[in-house]
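For clarity, chains are labelled A, B, C, D and E in written order, and residue numbers in each chain start from 1.
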């Protein structure tokens, strides 16, 4: 059997899928042994991949493209299209993007966050406002901003999808999601936001294992897509800490984010969005190349759909 | 008037031993008088001065000081601030009012002229002692405590400084209590010599020097010394 | 001669009472403030205690705390040994100090993130890399403190040792180290604290266990009670070290000071 | 009396030469090591320099560095003032020290993350909260160092000051502070470094500018050259502070020591 | 044999002033002889001892020491390690071989018995000086340098300690150079007295004491003293 070590956040969303995969022996079915290496932060998985302590992590195509341009040999396989969203309290008077003008907005990930740039692009196009300059923007860590939004210090918060889902369970609603922005800015369908990332050279030597892993991953997603019981099990086993309404919302959003089309279509849309991002964020976001680095999507993935 | 009534003073050392430094000791120095304290090494003299200065309040007894002016002390070791120059050390001890005073005469007499900007670490021990004396004299105290002020000085210089001390003492009414091992020095300067026993210090005898200071020439001092040792044998 | 804990029974009882009183006052203030705040972000002591109890019962607490303490301990020993040696050397040799001074400033100001990431990248995600990176972060701090101590050494004693031909070891042990004691004490206390803080980062960036790992997991769910629970467990260990090791040692080391008792 | 920089011209030239030589040696070692490593994770000096030049030209560098320096400066002044006052007080009053000692250990060992998050939660995502949190992190370190210093004060000088009725201010300025100088120097140097490291965390967690913010941005893309560029810019400022402020001040403060020159 | 040939020794103080501490000075102490150095306060005596001890190598001249055994010094200030007890201070100065030696006799003579476990900060200055003397004596040095060892001691004790020094000196061949301000002490102990000028120190005169030590009673010493002051007027 081939062993694949995957760096995950201990309570991260990737873990849900991998735990299902392991629990149901999906890796063994494909002659694989998937080993989860838990970390406490995204940065840690990033370091682990580069230090060779794991074979695979989950990250996004923008990073991969940028790294490739800089000379790293990373590649990407779509994993999920769940993206962040701008959340406002239910009772908030903010109904449209235009209402955001002059508000205090929390933004996770910093001024160059992909979702943030796309939503800014959308706001400029639809409402003619420059969100970054027309508002009091606070960048910060997701848990902190979520807490601040709950406290009412922020009028709106752009956060990652799972934080958004939890806020939703706490009486927030989605004002606009990054997915809306992607479509408005030229994507033809659901574009993956995150994917499995690994070294191209390593994948070259383990192409069968990677392909099998992608299959196993897809099976696990299918299970999560259809079985509510599996979600209850994940909660019971402590893999998902959320419960009740939060769990339900997370489940729903997760399912919405399961990629459902050919990687080639995804890649084409990602390429289009990359160009948009290059325009919005400039070199500081996308790096020296204004187009997505060729080969960002792993070419070894053949039997897709 | 300085009135000392110590019933007992003891120290507890780090290893737990209790050392009785001063026994039952009564001592009084009338205002404007000069008293010398003489006793064997380690008998408790410095301890007595520290109690008078209020540096140690853990003792059994009372000490009353009726002098209201400044108090100055010359410690057994110079205790100059090493990070301040000689002149700064002396001026820092002066109250704000007399801070700008001209000290050059004093420096001259003490052989410190030219060394005003030296740091204490750059002085010889004798020079440092002189700086400590200058600090005490410059203050014009009404109560002056001296702990062996003239050791580490050559005899000629010590004689000159004794002269200076007598001068300071007579220029203004100053109450002086001086510790010394040098009986000749005591006889030369004091109105009264208090002799102490070995530790714990008690008064073993009091010798008043009645000859006026102006008449204490070398021969008289030698005679007085002989008289003192006769009256209090074992005082060396 | 007395043993290390050269305190009378009464003094010891008094010392214990003060300690307990101090902690009680702290817990009380915390409790009152948490009541006033009434926020999830500031849980009262009982919630934190409840967390500690659960976590301890599951064995998690002991495991993660143990891993962290192991890292803290190893990095501490490394950093103090190397840092003291370098600090004393620089403090004594002006030429070396002039030359290496800028290096010290550089290493002092390299963010933990940089050292840690580079160490992980070069040496792999290993325990040795983690501990080495932490030690490297702390060494310059020890160097600056002990360098000041070495500069302030009193030449009177050094000269005495020269005249009486003290061997290098005797000189270090009886002349130099006693003078450096306050500097060593200062850099030990703030040293353990700094190391522990860096260990947290190390665990965040590339370990799969330890208090830092746990704290950051709980941070994602904003479980302040859990974060405080782990923090206070470590603090409790440090208080024990303080009371059972540092303070008795310092009492012994300060015995000679007048009025030390 | 001489001015602060009481060094002869020749000595100054020599000192500058040593400084440049030291830096040159460092850069050379770096260059050689980077060449050997040949990895993107360890860029050679010229790459980092190129980054600094670009970033400086765009005005970004000055802006972010300025924000960070503002925070470091404010937190430094706060922490040194409060920490020194507390440290001296605890060092001088044994009773207070017994009581507050455990508090010091507690605050010393609270992770920066906790203080910072709590400060942001209570006081909002404001500049004041950020600076306050950083200062709060550093204060216990200053306290421990200065407490050791205050414990080691020589009673001979304090007694002299008592006899000659020094005013509290005169006593502080001429008797106490000069004795604490090495402790202050140690806690200033490691203090600035610690504060800067905490500011990085603060900027990561809830600020929209500053070097920490930038470093983390570049960290996401693993651009080590950029990270080192920002780090070294800060280090350069610290070297300037060291050469132009700290060292002349210390030379003046150490003038009295035999063989100080 | 101790051979000192200093051409010049100067200090540069922190404020830049250059102080000439020792001028052109030649001095030799034959092996096993006892020489006293007498000179005004601040003239450079301590500096000369420091140069001989090799504690300061920045001077113009040569110093040759042919004694091969231990060197001991009694500094002008006690210089005991404050964090070690009296006994530890003394034992630390002994080489490994004699570390276990019985010192109780020495402590007894010096009046230090019972204070072995005291820290220096718990001693009076006189007691601390005695501990410093004990440290030097316990070592049985072949070259012994003393810088005003008997100040701060009462006269009876000082006399006893001078006796002890003479004893130590005669028990084993010891080359001694002692600084003192006390001419009587010098005449009592020395084979030769070297008189120094004020700073920068130069030899102003040499007075050999030829009377055998056993015959130097009080009267002889007084007579010798008179002879010395007559031969070298201005020596006080």
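The rule we apply is simple: a residue touches a chain if its C-beta (ideal position, glycine included) is under 8 Å from a C-beta of that chain, and two chains touch if they have at least 3 such contacts.
The chain lineup, named per UniProt: B, E = NitT/TauT family transport system ATP-binding protein; C, D = NitT/TauT family transport system permease protein.
Because the structure is predicted, anything quoted here is derived from the model rather than measured.
Counting steps between touching chains, the shortest path from subunit B to subunit D takes 1. Highest inter-chain contact count (C-beta pairs) belongs to C-D. Superposition angle, subunit C onto subunit D, using Cα atoms only: 180 degrees, a multiple of 5 between 0 and 180. Distance between chain centres (mean CA atoms), subunit B to subunit C: 49 Å. Centre-to-centre separation between subunit A and subunit D, using Cα means, comes to 39 Å. With each centre defined as the average position of its C-alpha atoms, the distance from subunit B to subunit E rounds to 26 Å. Touching two or more other chains at once are residues 1, 41, 117, 121, 219, 255-258 of subunit D.
For subunit A, the set of residues that touch two or more other chains comprises 43, 50, 141, 144, 147, 151. Each of residues 14-15, 77, 117, 119, 122 in subunit E touches at least two other chains. Subunit B meets subunit D in the complex at residues 50, 53-55, 70-73, 75, 77, 79, 81-84, 88, 92-93, 95, 117, 119-122, 135, 139. In the complex of the two chains, the subunit D residues touching subunit A come out as 40-41, 117, 120-121, 124-125, 204-208, 213, 216-217, 219-223.
Within the complex formed with subunit C, the subunit D residues making contact are 15, 18-19, 21-23, 25-26, 37, 39, 41-42, 98-103, 105-106, 108-114, 117-118, 121-122, 140-141, 144-145, 147-149, 151-152, 155, 182-183, 185-187, 189-190, 192-194, 196-197, 200, 212, 215, 219, 224, 227-228, 231, 234-235, 238-239, 242, 254, 257-259. If you check the complex, the residues on subunit A that touch subunit D are 43, 46, 50, 63, 66-67, 70-72, 106, 110-112, 137-141, 144, 147-148, 151, 153, 287. Residues 11, 13-15, 17, 19, 38-42, 45-46, 76-77, 85, 111, 114, 117-119, 122-127, 130, 148, 151-159, 181-183, 236 of subunit B are the ones that touch subunit E when the two sit in their complex.
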